[in-house]
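Both complexes below contain chain A, partnered by chain B and then by chain C.
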Partner chain A sequence: MDWTQYLNPLMQGALVTIELTIYSTILGAILSFAAGIGKTARNPVIKVIAATYIEIFRGTSLLVQLFWLYFALPVAGQAMGIDLRLPPVVAGVLALSLNIGAYGAEVVRGAIQAVSKDQYEAAKALNFTPRKTLWRIALPQAIPEMMPAFGNLAIQNLKDTALVSLISLSDLAFRAEQLRNFTQDSTTIYTMALFMYFGLALVLTAMMKLLERYVSRWRVGAR
Partner chain B sequence: MLFGIPWDTSSNLAFAVSILPILLIGLWVTIQATVLGFFIALVVGLVWAALKAAPTRVISWPAAVITEFLRDTPLLIQLFFLYYVLPEFGIILPAFMTGALALGLQYSAYTSEVYRAGIEAVPRGQHEASRALNLTGRRTFTHIVLPQAIPRIIPAMGNYLVSIMKDVPLLSVVTVLEMLNVARIIGDRTFNYLIPLTMVGGLYLIMTLIASGGVRFLDRRLPKTGIPLK
Partner chain C sequence: MTEPIIKFDKVVKAFGSFVVLNKLDFEVKPGEKVTIIGPSGSGKSTVLRILMTLEPITDGVVYVDGQPLWHEKSGDGSLKPAGEPHLRKMREKMGMVFQQFNLFPHMTVRRNITEAPIQVLGIAKSEARDRANELLEMVGLTEHADKYPHQLSGGQQQRVGIARALAMRPKIMLFDEPTSALDPELVGEVLNVIRKLAEEHDLTMLLVTHEMNFARQISDRVCFFDQGRMLEEAPPEELFTNPKEQRTREFLKAVLEGN
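And now, the complex of A and B:
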């Protein structure tokens, strides 16, 4: 078989990979901010919940999390009399975003705590409420600082989507494996798959650079 | 029964206790793959770092492209590539070796950056002072730069060791019997995935907590001013 004949099925897989990356990056970003801000909170309950979530999802392997959600959660649900069987897409997106969200949370926490103390004192002196201080003072300064790390995490997330092929989602990795079983032409197929992932990563990097410029636009002499 | 160890399904607790030794056999394979993968990453990463620092672009540029490629493509695909493609070129490795090689190659791209950053973080003044003291380039590197770079490099490497350990379950797709694969087999045979998979999660948590505690300890203990090589 000619390599051009592999293009169509691989492209279909790449579309699924792109979708999964978009969903899990957005959901992961929301979780990052929720848990990252939660960990800086004064309320001990919120703090403990955020810290536990971060520790569990950073401390275990993504594949373990994925298999747990897909294979073990239904069993746990059965024991409690609830139907917790997740469709592969939901289990995949959930595992990816919970995992990347835990890593992102540490980035958010670090950036918020890196905002200089004077800024918080000034906000207090100007009688800002804690909520307003967070939204108007801390986050606008912290977000540009998070962007380089978020860029790396987005790439990490794109690479991690390949794992969902193991719970039978037909992404790029799954299509490549399928084609290989069918044609035995491993060298061509996997080389193409590698380059397609590389291409996607380059596009994603460029997009994150644009986003970085957008969130730091208020800076004097922005980078 | 797995590895000759039977399990007891009479109660949840008895089941968990009876499969623990089986999971620990898997854990041992996980640790071996982690250590071998880490070793390959350290050595190959050093090679990339040296090539990227080469004075001519003919060498440094391809090395930069290759490491970028290794970093930006999924470990799973790299693993399949090595597993299926190497035999076509007459290189037949056991699955465990192929897996460790894939881990090592992917992480060599990361470690090469750690080496580079560690060496570049040594202040310029140190180089200038060495020059003023008439030290040769070689002596400057081995006696001045390296001793100061090493304390910066070690904690970062420790973090990648933990990351490698968390990526080892991927080797299950090429039939390596590491901990997650063992847990899945137990699940397949007993129809109980909840207990083995939760135990694997717990064991991972214990391992990473110990490892990151070790990294923090090293980070605190290493002299910031540098480690003399003699």
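And now, the complex of A and C:
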């Protein structure tokens, strides 16, 4: 079979991969901020919840989290009389974003805590509330610092989406596997899949760079 | 006899076993321009940081504008440690200028000045902007309003710092070594702004500085601090020409010879 014939099914898979990456990166970013800010909170309850979430999802395997959400949760739900069956896309996006969110939370926490004490003192002297200090003074300075690490996490997230093929989501990895079973043309198919992941990663890196430039625009020429 | 606007009553500040302020008694009258001088570690910056509520006190009572700063009156009239709402109310009375300027690097000069009035005082944007423009004119930075702090010299940044503090309309201005981080040729422009403030406004000003000539020109009173206490206070002419205490003489000699 000619390699061009693989292109269409692989492209369809790539679309699913893109979709999964976008959803889980966005949801993961939201979770990162929620848990990262939560960990810097003065309220001990919020702090413990954030820390527990981070440790659990950093300390367990993404594959097991995925299987747990997809296979174990419905069974647990059944025992309690609740329908907790998740569609594969939802289970996949949830597992990916919960995982990436836990790593991202540490990035957010670190960047917030790296904002200099002087800035917090200036905010206090001007009578900003702690909440406004966070949103208006600390975060705008911390976000540019987070961007390189966020870029890495987004790429990692893109590659991790391949795991969802194991819960029968027809992403790029799933399509490649399917074609290989059918044609036995492993070299061509997996080489194409490699290049497609690589291409997606390049686009994602470029997008993160643009985002980084946007959130750091006030720093132009500084340092 | 006017009531003091600032009063330290046997204030102790200690970091562990290290005593920074040792039962300090100190007063400032409304509208008075007071300079604190003294060797490093004498507790002079700590006085300002306590007033700005950046550093809590260990013992004693600080009064600002007739009210205890770090305490509030409980039901039976005794003093209890102040809660955040009380501290917020008290902070409104004061503005601070920092040694390292501490401008917000992600905001333009104008926004550095308008942000707190809008976000904290709830002033309308247009009004805050007008006020910022007035202040920028006063500190001579009108044409730099849309620049970011890192695009300005240290002297210009510190003048923004002064405008930013004034925008909150404080009764008391605290200057914590405002020229110590500046290159020598930039000191004058900042001192000129402070001098203008001292001459044209009835603000109470409390200044910690090593600029002895400047202290002499603008102060109503100069206080010499040593080892957490006020060792000597006098009008500037008197303190600089005829200090009573041996320690004051030694300090002034060391500082003036160093220049």
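Worth a mention:
Please note the rule applied: the second predicted complex is superposed on the first by the 220 of 223 C-alpha atoms of A that agree within 3 Å, B and C clash if a C-alpha of one lies under 4 Å from a C-alpha of the other, contacts with A are read in each partner's own complex, and residues count from 1 in each chain.
Rule of thumb we're sticking to: a contact is a pair of C-beta atoms (placed from the backbone, for glycine too) under 8 Å apart; a residue touches a chain by one contact, two chains touch by 3 or more.
For clarity, every value in this text was computed on a predicted model and none was experimentally measured.
Look at A:T191: by the touch rule set out above, it reaches chain B but stays clear of chain C. When the shared chain is aligned, chain B comes close enough to touch A:I155, but chain C does not.
Looking at the shared chain after the overlay, A:L7 reaches neither chain B nor chain C. By the touch criterion defined above, A:Q65 lies against chain B but remains apart from chain C after alignment on the C-alpha atoms of chain A. Shared-chain residue A:A122: touches chain C; no touch with chain B.
Of the two partner chains, neither chain B nor chain C is touched by A:A114.
In the superposition on chain A, A:I26 contacts neither chain B nor chain C. One of chain B and chain C touches more residues of chain A, and that partner is B. Common to the chain B and chain C interfaces on chain A is no residue. Within the complex, the chain C residues that touch chain A are 52-54, 88, 91-92, 94-96, 98, 100, 102-107, 115-116, 119-120, 148, 150-151, 164-165, 168.
On the chain A side of its complex with chain C, the touching residues are 118-119, 121-122, 124-129, 132, 136-137, 140-141, 218-219, 221-223. Interface residues of chain B, counted against chain A in their complex, comprise 69, 71-78, 80-81, 84-85, 88, 165-170, 172-173, 180, 184, 187, 192-194, 197-198, 200-201, 204-205, 208-209. Listed in rising order, the residues of chain A touching chain B in the complex are 55-56, 58-65, 67-68, 71-72, 75-76, 79, 155, 158-163, 165-166, 173, 176-177, 180, 186-187, 190-191, 193-194, 197-198, 201-202.
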